[in-house]
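Following are the structures in question.
In what follows, chain A forms one complex with chain B and a second complex with chain C.
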Partner chain A sequence: MKNFSLRKLLLGCATLVLFILVWKLVTDAKLISPIFFPGPERTYAALEKGLSGGALLTQTLETVQRMLLGWLLASFVGVFLGSLVGISKRARAFIAPTLELLRPLPASAMIPIAIAFLGFSDNMVLVVIAFGALWPMLLATIHGFAAMEPRLYEVSAVLGLSRGQVIWKLALPSAMPMILASLRLGLTISLILAVVGEMLASRAGLGQSILAASRSFRSADLFAGIVILGAVGLVGSRLLSFGERRLLRWQAVNR
Partner chain B sequence: MPVTQLSTRLPHGAAGSAPAASQPRIRIRDVTLSYGPLQIIGGVSLDIVPGETICIIGPSGCGKTTLLRMLAGLAQPTSGSVELDGAVIGGPNRSVAIVFQDYGKALLPWRTAAGNVSLALEARACPRAERPAIIRELLEKIGLGRHTEKYPAEMSGGMQQRLQIARCLAQEPKVLLMDEPFGALDAMTRQALQDEVLGLVATTGATMVFVTHDLEEAIYLGDRIVCLQPNPGRVGRIVDVRLARPRDQLLTREDPEFLRLRRELYDLIKDDHQ
Partner chain C sequence: MSASTLFKNGWRAALLPVALVVIAQVAATVTQLESDSLASPLDIARAFVSVMADGSLLRATLDTLKAAAIGCVVGVGAGSLLGIVLGLFRIADDALDLTIELLRPIPVVALIPVVMMLLGFGAKMEIVIISLGLLWPSVVLARVAVKEVEPRLMEVSNMLQLGFTDRLVKIVLPAVLPQLFMSLKLAAGYALVVAVTVEITANPLGLGYGIMMAQQALRPAEMFAYLIWIGAIGWLIGVLLNMAQRGFFPAFVKGERR
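Up next is the complex of A and B:
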């Protein structure tokens, strides 16, 4: 087991090194104009300058905060509404198809509506993030409830569990693997929408700084921003995976 | 020929728990059950007095599980009625516990053995402080005392089945329905648990309906044995078991009456099993 995860880590690092090497080769050969496409060294320099100078750091924190707030909002609302719909077979039959229909609407289509109601504000961006990230969690909760072993509903009825107890003690834990996977997906969506929202509503953050860098041809700064976005996404998803493994320890023994 | 038998005889296990003229704990009256055009149960009538242990035997698919599900309130008869203490069973009820045949699905995989038993205590609002002691006692009784922190997936089939029994007992039911609970156990564990269950039933005064494929198990446990016949499921014969209680794995099984009953039942069900 240990050996295996170490090998995976090494392989991952090797792939990353290879990627940077190819990146360097491509830029050194000047296949694309350096004005638009900086090499790894210049990107790293911009990263270092931005993070030590503070500007990039505060922007990152802004974006991370936005992402987390929107994601938390979406998680609570998604799982709560999902539980209400999911626990009743009838509600599932009535409401779930409509939700499936609404789901593929791109969250960015919500932005004009949100702007109309909330203007170019931080709240507007928050609402867009929450709305976009809501869907996977809402639907995962509903599907998770629907997929619960029917025998367990019978067990709960025979034991005389209240509806609240059924949700809290049976349906939510049973749907937990699906919900946790959707939380991870939701975090990615939150990050994307935080960046898009910042660009559109020009709120402080990585999105805005990337846009500004691109408009003034500071390609190294632009790439530095993108690298940070990638890192934020990676760290977030890793943290959630870690939490997932801890919460789903009982599943590990099942395999 | 469906036999309706009104038992006024007190079972040995329920000494003094009810007067002879008491109403039955469970009354099954002309019950039929159909799924669509298919009749599964075709006119079953049976009275079960408090404290009695009824064993149900019959070929696979004859409707034993279906009958138990109606007693548990998990299925409703198409016609006829099932009553508990004189009131029609309209749905599941905490005072009727059921040990499901498919033990793997009836347990919460994310809870340990102790957690699974705890669920029954949480359901009946047993104070948090009292739970650990009750859980420990039940699990010890059922032979899982050393496995309280194991998840169901870490347990053998027999252990999972015992865990299900422990959870049902935590429910403190008046009626205990058991659907082939010992099918996954080796002979020794099985006999130990038979005695354990008989002891529990005797001390709590619970009424038990026990489904089994094993004729000897039926004789060893039961006050009466109901032989179900298939297509549609109906009562073929009801055999009284007049063996002294408490029963003993060696003495009871050597009793001439035990051997006679085994012979009688074997001849009875032989025809249903060709």
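Up next is the complex of A and C:
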């Protein structure tokens, strides 16, 4: 088994190196004008310069902070409201259809409405992120509660648990796999909306910085920004799946 | 769900939205609303009729849907093809896995400035971004689908000594067709989201641009009319594709429910 994964690692790295080499060859041969498409060395140079004292580091921190704040807000509100709606069958019947109706609405379509209310401000971007990332968590919590083993509800009735105790001790743990999966989706949405919000509202951050770089044809800076955004997305989703595995270990044992 | 149960449960589902609309209208009438950011439901309905009548809404809808549809077909097609190849050949999968995992988390909106610089504004730029956004999810879904094809089918194809194209067309594609359709269904909703996002951020055409312009012209009624219309289209696409899926692959849908 170890042998096999080593082979996979070697093959993977070789392809990655090949990929970068092709990228270098294409740009060195000037198949695409270097104004639009920088080679790997120029991207790396821009990355190094930006991170070691350039503006790139602070912009990255701005974007990550925005993304995390919006995501946390959405997570708390989503799981809280989802629990309130999900725990009662009657509330589900009345409220869930409306939520399902609103779900396909693209979160970015809310940006103009948010601008109309809050102007081009940091709060506007935050509200848009929180609103967009809210849906997966809200609906996952409701569905998770609805899908809970009915006998657990009966047990809770026999034990005379209060509604709050039912949510905390039974419903939330049993809905946990769905909620955790939705948290990961929510983080992806948060990053996307943070970038879009920064582009539109000209708030400091990577989104604004790559748009400005593209407008002034600084393609190396643009690619450096994209590399960082990819890294942020990668690290975020890896951390969450790691946490997911740790938190759900009890379930894997049970099965 | 039969018609009678739909009627019985339907009123519960409809109560909240209807109540909200009525409350909004009453509040707007009582306060004699004059605002740059809010509009009463009646004004929104009136604005909807007027943008519908002058054709601007339909034109914008066509622009958006055309870009989303072409982007969807290109993105899902290319992604599924790559995914099938990766699912069939372990060596290709091992070799490309790392690169794909590194490219996949790049948020699609980050590509807007790049494509904008290369192609300028217009439908082409939007289509490219949509297809790039749909590429990786389709790769992943198709790869999983191919890997889960009944191994005996593969043994049969080996025994019959089918060539690559024969194996693809006669064995693999029919086996993964339901999953590919599911991937298309997910992609269609996402394509609309990306299309609207690109239009709001950069591209001066389509529904996203329309809603942005309505906001900047301080016409809140028109803005909300666009918003509701975008939501309705997203919802309609979902319903239609679900119906199509149930019609084409009834067995698969049953399995999905289980």
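Things worth noting here:
Just so we're on the same page, the second predicted complex is superposed on the first by the 227 of 255 C-alpha atoms of A that agree within 3 Å, B and C clash if a C-alpha of one lies under 4 Å from a C-alpha of the other, contacts with A are read in each partner's own complex, and residues count from 1 in each chain.
Simple rule for what comes next: contacts are C-beta pairs under 8 Å (C-beta built on N, C-alpha and C of every residue); 3 or more make two chains touch, one makes a residue touch a chain.
None of these values were measured; they are calculated from a predicted model.
With chain A as the common reference, chain B sits beside chain C without any clash. Contacts of A:D28 after superposition on the shared chain: neither chain B nor chain C is touched. Once the two complexes are laid over each other on the shared chain, residue contacts for A:S174 go to chain B alone; chain C is not touched. When the two complexes are overlaid on their common chain A, residue A:L16 makes contact with chain C while staying clear of chain B. Once chain A of one complex is fitted onto chain A of the other, the partner contacts of A:P104 are limited to chain C, with no touch recorded for chain B. Contacts of A:Q165 after superposition: chain B is touched, whereas chain C is not reached. In the overlay built on the shared chain, the residue A:E41 is in contact with neither chain B nor chain C. Measured by the number of chain A residues touched, the leading partner among chain B and chain C is C.
Judged by the touch definition given at the top, the superposed model places A:A93 against chain C, while chain B stays out of reach.
After superposing the two complexes on their shared chain, the closest approach between C-alpha atoms of chain B and chain C is 16 Å.
Once both structures are placed on chain A, no chain A residue is touched by chain B and, in the other complex, by chain C. Residues of chain A touching chain C in their complex: 7-9, 11-16, 19, 32, 36-37, 93-95, 97-98, 101-102, 104-113, 115-117, 188, 191-192, 195-196, 199-200, 206-207, 210-211, 213-215, 217, 219, 222-223, 225-226, 229-234, 236-237. Chain contact summary for the complex, chain A toward chain B: residues 149, 151-152, 154-161, 165, 169-170, 173-174, 176, 248, 250-251, 253-254. On the chain B side of its complex with chain A, the touching residues are 72-74, 91-94, 96-98, 100, 102, 105-106, 108-111, 119-120, 122-124, 151, 153-154, 171. By the touch rule above, chain C contacts chain A in their complex via residues 9, 12-17, 36-37, 91, 94-99, 101-103, 105-114, 116-118, 189, 192-193, 196-197, 200-202, 207-208, 211-212, 214-215, 220, 223-224, 226-227, 230-231, 234-235, 237-238.
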